[in-house]
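Read through the structures below before going on.
Two complexes follow with chain A in common, the first pairing it with chain B and the second with chain C.
Then we have the complex of A and B:
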C-alpha cells in the first residue's frame, strides 16, 4: 500500500494537520446531524481525508464498507431518453460521486439521480440518523445549469439528505450554492507541518532521517502533502539509507517543461517553435493538464526574466489560459503563448542589444 | 419515515415565515398581497429581486394561506424552472395542472419559446426579470423585492438568537449584517454554522471564519506588495493566497473596497485598476485559472500604482 493511503488518518482525532478544523467538525456532528458542507482548498491539502474521517465519525465503521458501482441511469429528458453512466462509491449511509464526469449532461445527474437518492431515506430502527450523505466531488467543474438545479434540490430534500461538496476553488461555485452551505476552507499545510508528518511516517517505518532531509522534501512539494509523501516514498525506493545531500527527484513532466523554457529562451524562431510544439504535444499525450503546463512554463520563465518583462509575460499567460478555457484545443493556445513570448523576448533583446 | 430531529432542520427552513404578513421589510408587497388574499381574486404574479429577500417564502406563504394545509398538496405544483427545463415540461405539466395554481421558481435561464407558453392560471416567481420574455412579463403583476436593510436583518437575527438561546454581542451582529449584504438566507446560514461550530456565544471573528471572508491583513499584505513595485514579492503573496485556499473572487471584491477607499491613489489609477478587476471577474466566471488571474491583477495593480507601462496588445 502506498504511504499516502497507509498513513491517511482514519478518524478526526488522528488528523495531524488541520486539528482545529477536525475538532470543529467533530463538534458539528455530535448531535448526529450536520448542515450542508462545502469543503474548498488547493489539492493535496487534505479535503478528502477530512471528509472520510467525518463520515466515519458520523456513522461509525459502517461508512468504511464501501462498494464501487458502475450504474447506468435512464433519464427522461422530454422527447428522448438519455443513458448516463457514472461510477459511484457507496456505503449504507453515504454515496460518493463525481457528477462532472458526465460532461455536458451533468445537470441530469444533479436533477434526477440526486433527487432519486435523496428520496430513498434509510430507515433506522431507532429512528435516528434519518438522513443520507451525498458526497459530490469537483463541484467547481459542474456546469452553470447543473449548479442552478442543485440549489433548489438542496433545500427541498434537506430533511432526508445532506450534501458534502468538495472543490478546489470556491469562486467557480455559484453564490447561491455557497450561501446554502457551511463553507469550510482547508488551507495547504505549511512546510513545518509537512515536515512533522514526514517525520512521523519515518518513525513509523523505522527510517533514519538525516537532519534537514524532510525539510528539503517539504520545500520541493509546493505545500502539497500528498506530493511530499509520494516523493518521500520515491526517495526511499531510490536510495536507503538516506544521505543528507540526496537529490529529490522532480516530476518528469516538470523537468520537461523547464527544458522547453530554456529552449525558447535560447532561440526565438519559427523552427524552434515547431520543435516546441512537438514537446508540448508529448506532454499533452501523457495526460498532463494543459493549464498545469502553462502555469509551470510561466513559473520557469519568470525565474529567468528581467523584472520589466515579467509583467507582460504573466499578463499573456493569464490571457491565453482564459482563451484555452473557452476554446476546445489546448495546443493552439499553448503554442500561441509560446509564440507571443518569443516575439516579446526577441523585441526586448533587439531593443537592449541592438 | 424516521421522525426527524427538530435540530436537524436548517434554520432557514425552520424560521421561514408562514404567513404573508410576517415577511420582513417588503412592506408594499405585503400590503398588496394581503389585500389580494382577502378578496381571493388573484392575478398572475411575478416576483423578482436579489437572493435571500423572501421571494420563495412569500410564494409559499400565499399558497398556504389560499389553500390551507389539506388542499395544499393537491392544489400547488412547485416547479423549478431551472431544473425541469424545456418546453415540454411547461406545456404538459402545467396543462395537466391548469385548473389549479402553479408556482415556479428560478426561471432565469428559460428559453423564450418556453416562456410565452406559460400562461395558465399560474403564480410565478423569478429571480431576474430582465431575462424574461416581454410577453410573459406583461401578463403578470410584478412585485419587486428589495434587499433587506441592516436594522431589519439585525432584528430578525436577534429574534432567532433568542429562540435558539444564542448569545450575540452587538459587534458580531453588525458584522453579520455587513458580510451577508442584505441576503437574509446567507446571514441565517452563517449564524447556524457558527452556532454549531462555536457553541452558544459567537464573536464576530467566528462569523468571519465561517463566512469565508478573507482576513483584512491578508488582503492588505497583497496590496502592500503591489505598492512596493516588486514583482517577485507580489508573486509570493499570490502564491500564498492560493495555497491558503482563499477564493479569488472574494479577494477581488475586498481588494476593490481597499482600492476605492484609498486616499493616496489618483482617480486615473483607480480607474485603471478597477477596469482590470472587471475583466478578471469575467474571466473567473468563465472558469479561468485562479492563480494566473490573480497574478495578472496584482501585476496590473502594481503597474498602475507605480505608473509603469499601460496596456499590452
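Then we have the complex of A and C:
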C-alpha cells in the first residue's frame, strides 16, 4: 500500500492538516443536522480525506465497507433510452461517483441515477428514517444542464439524501448550487504543514531524515500534500539512507512535457509539429488530462521565453484551453496551440536575429 | 400473360377515357397508324356496356359472352396500339442504334482489333493449339463489352452460343411450377448444366463447324461460400478444358466504395480464371470523343437538332457509359417536343437553352436532368483536398479590380469542384473526414510555412468545436445537427485548402489512418485498467480522481517496481522517455483487436 493511503487519517480527530475544519465538521455531524456540503480547494489539499473521515464519523465503520460497481444504467430520455456506464463506490450508507465521466450525458446521471438512489433510503436501527449520502466528485466539470438538474434534485430529495460535492474550483459551480450548500474551502497545506506530515510518516516508517530534506520535498511538491508524500516515497525507493542533497525525481509526464517544450523551441516546422503531435498522443494514451498538459506545456514554454512574447502566448493558451473545453478531441486544440506558438516564436526569431 | 392483364385493366371505363387522348396526341405525330381501331373498339364497347347494364337480370352466359367479345376487341385494339408505338418509337435508341459493323463500335479501335485478332486466330486455325480459349473481358458498365463480342462474331461469321442469366423465379411461379411437376433448378445449376453441355456438345460437333463463339455475358450470382466455390470450380473446368473460343464478360463495379461481397468475389473469380490460364482484356470507359461521335450520328439519323454543346454536355455527364449517354440523349430530345405545343414554351425553351449554355461555361453537370451519379472514394476526395491543386495563374483577373484582397488572403483558383460537392460525392461523414484531414495535412505543408500550419490547425480546431457542439443536447433536432455537421466539415476542408497557401508540388503520399482513433481506444483501455488496479490494490478504500492516478500515483508505482498493474508497462528505469515508449508499444498490442475494426472501416 502506498504511503498516501497508509497514512491517510481515518477519523476527523486524527487529521493533521486542517484540524480546525475537521473539528467544525465533527460538531456539525454530531448535532445530527448535516446540510449539503461543497468542498473546494486545490488538488492535494485533503478534501477527499476529510470527506472519508466525515463519512466515518457519520456512519461508523460501516462506511469503510465499500464495493466498486461498474453498472450500466438505462435512462429513459424522452424518445429513446440511453445506456450509461458509470463506476460507483458504495457502502450501505453512501454512494460515491464521478458524474462528469458520463461526458455530455452527465445530465441524465444527475437526474435519473441520483433520483433513484434517493428513493430507497435506509432505515437505521431505531427504525427512524435516515438519509443517504451521495458524494459527487469533480462537480466543476459538470455541464450547465447537469448543474441545473442537480439543483432541482437537491431541493426535491433533501429530506432523504445529503449531497457532498467536491471540486477544485467553486467558480465553475453555479451560484444556485453554491448557495444551497455549506461551502467548505480547503486550503492547500503550507510547506510547514507538509514538512510536519512528512516527518510524522518518516517517524512511523523508522526513517532517518537528514535536515532540510523534508523541506525540499515539500518545496517541490507545489503545496500538494499527496504529491509530497508520493515523491517522498519515490525518494525512499530511489535511495536510502537519504542524503540532504538527493535529487527528487520529477513526475515522468512532466518531464516528458518539458522534452516536448524544448522540441518546440528548437525547431518550428510542420514536420516538428507532427513529431510533437506524436508525443502528445503518448501523453493522452496515458490518460494525462489535456488541460494539465496544456498548463504544464505553457509553464515550460514561458520559462524559456522572452518577456515580450509571454503575454501573447498566454493569451493563445487561454484561448485554446477554452476551445478544448468546448470541443471534443483535445488533440486538435493542443496542436493548434503548439502551431500558434511555433508561428509566433519563429516570427520573433526572424525579427530579432534576421 | 402480361398483355392480358393489361387489357383487363384497360377495359374499365375511366381508364379508357384517360387512355384515349393520350393516344391521339401521339397518333398525330405519325400518320401511318391505323387510327380508327381504338376509336371503334371503344364505341362498340360503350354500346355493349350500356346494353349490359341490367346485368343482374340477364343471364350469366350472355354476360360472359359479351365480356369475351369485348375482350377480343380490346385485345385487338391494344395490339394495334402496341404495334403503332413500336412503329413510331421503333425501340429504345440503345437498341435501335446498336452498332451494325465493327466501325460503328464506340470502343477504341485497337481494343476491338485486339479482341478480334484473338478470336480470329482461334477460329481460323483450329488445328493449332493455343494456351487458352477463354477471354475475360472486364470493364465498367456500358462500355460496349457485349456489343464488341457480338459484332466480332457476326464479322467473323461465327455463331454465337450465349449464356444469359435467366430471369429469377418468383415464389408464386415456383409454387405454380412445383404443383405442375416442374422441378426447380437453381440458376447456378442451370449454369453448370449449360457449361457442361456446351463443353461436350460443341467440342464434339465443333470439329466440323469450327466457328462458334461461346459468350457468357453475366456470371450467375453466387451466395455463400459453397455456391461460390461451385461457380469457381465450374469456371475453372471450363477454362481448362474448352476448345471453343469463349468470352466471359465481367462488369466491374470499380471505384465506388460499395465494396460489398459480390463485387469482391467477382474480382477474386477473375483472378482465379486468370490463374487457370484465361486471357484478360480490360475495357476502359468510352472516350468522350467517341461518345460524341456516336451521339451526333444518332442525332443526324433522328433528325433532331441538338447543339454540339449539348451533346458535349451529355457525353461528359455519362462518365464513359455509352448506353447511358444514348438514353440520356433520347430523353433529352424528348423534352422539347412535349412542351412544343404551348406558346409560352418557346420562351422557356430559349431560356432553357440559355441556361444550358450557361451551365456549359460553368461546367456544372449536376444540375442537368440526367447524368450518372459520380461517386468518389473517400480517399480520392481526401487526396483532392490534401494535394490542393490549383491553377498556376489566376484566370479571372478582372475580379481583382472589384474587390482588392490583401496579399495574404489571395489564393489561386482551385482545380476542382466546390469542396462541398466533392464531399457529397464521396459520401464523407463529418467526423472521419475531419480526423483524416487532421492526421494527414501536415505532410502537405512546406517545411518553412509554420504559419500555414497554424492556420490549418486553427480551422481544424474550429471544426472540432462545431462537431462537438452538435453532440451537446440530445433533444436537438436532427436537421440542426446535420447542418452543424456539414458546416463543420466544410470549415475543415476549406480551412485545409485555404490554409495551405503554397502547397507542395504533388508527389506520392500515402494517406494514413487517423492515429487519434487508436489513441482514444488505448486511452480508454488504460483508464479502465488504471482504475481497476487502483481499486483492487487498495480495497476500494478511497476513490481517487483518474487524473491524479494517471499523473501521480502511477509514477510512484513505477518507481516502486511493485507490479500491481500486471502488464509490462512498468519497467524500471531512469530514462522516462524510454519508459513511455515502452508502455506505448505494449498498450498498442493490447488494443490491437479493436484496431482491426477500424481498419475494416
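As a convention for this text, the second predicted complex is superposed on the first by the 348 of 354 C-alpha atoms of A that agree within 3 Å, B and C clash if a C-alpha of one lies under 4 Å from a C-alpha of the other, contacts with A are read in each partner's own complex, and residues count from 1 in each chain.
Operating definition for what follows: a residue touches a chain if its C-beta (ideal position, glycine included) is under 8 Å from a C-beta of that chain, and two chains touch if they have at least 3 such contacts.
On a predicted model such as this, the values are computed, not experimentally measured, just so you know.
Using the contact criterion defined above for the overlaid structures, shared-chain residue A:226 touches chain C, although it does not reach chain B.
Of the two partner chains placed by the overlay, only chain B lies in contact with A:307; chain C stays clear of it. After overlaying the two complexes on the shared chain, residue contacts for A:336 are found with chain C alone; chain B is out of touch. With both structures placed on the common chain, the touch criterion links A:281 to chain C but leaves chain B unconnected. Once chain A of one complex is fitted onto chain A of the other, the partner contacts of A:327 are limited to chain C, with no touch recorded for chain B. Contacts of A:145 after superposition on the shared chain: both chain B and chain C are touched. Contacts of A:248 after superposition on the shared chain: neither chain B nor chain C is touched.
By the touch criterion defined above, A:75 reaches neither chain B nor chain C. Legend: residue contacts after superposition of the two complexes on their common chain; A:170 is shown touching chain B, with no touch to chain C. Overlap of the chain B and chain C interfaces on chain A: residues 77-78, 145, 326. Contact residues of chain C toward chain A in the complex are 435, 438, 442-443, 445-454, 456-458, 460-461, 463-465, 467-469, 471-475, 515-516, 519-520, 522-523, 526-527, 530-531, 535, 537-538, 540-561, 576-577, 579-581, 583-584, 587.
Interface residues of chain B, counted against chain A in their complex, comprise 1-5, 7-10, 12-13, 51-52, 80, 82-89, 105-106, 109, 183, 185-186, 189, 192-193, 196-199, 210-212, 230-232, 235, 242-250, 283-284, 286-293, 295-296, 299-300, 302-303, 308-309, 312. Residue ranges of chain A in contact with chain C, taken from their complex: 1-2, 4-5, 8, 43, 48, 52, 64, 66-68, 77-78, 82, 87, 89, 96, 98, 104-105, 137-138, 145, 226-227, 230-231, 233-234, 237-238, 249, 251-253, 255-256, 259, 268-271, 273-274, 277-278, 281-282, 284-289, 292, 320, 323, 326-329, 331-333, 335-336, 338-340, 342-343, 346-347.
In the complex of the two chains, the chain A residues touching chain B come out as 24, 27-28, 31-36, 40-42, 45, 77-79, 107, 110-111, 121, 123-124, 127-131, 145, 148-149, 151-153, 155, 158-159, 169-172, 175-176, 178-183, 185-188, 223, 291, 294-295, 298, 302, 307-308, 310-312, 314-319, 321-322, 325-326.
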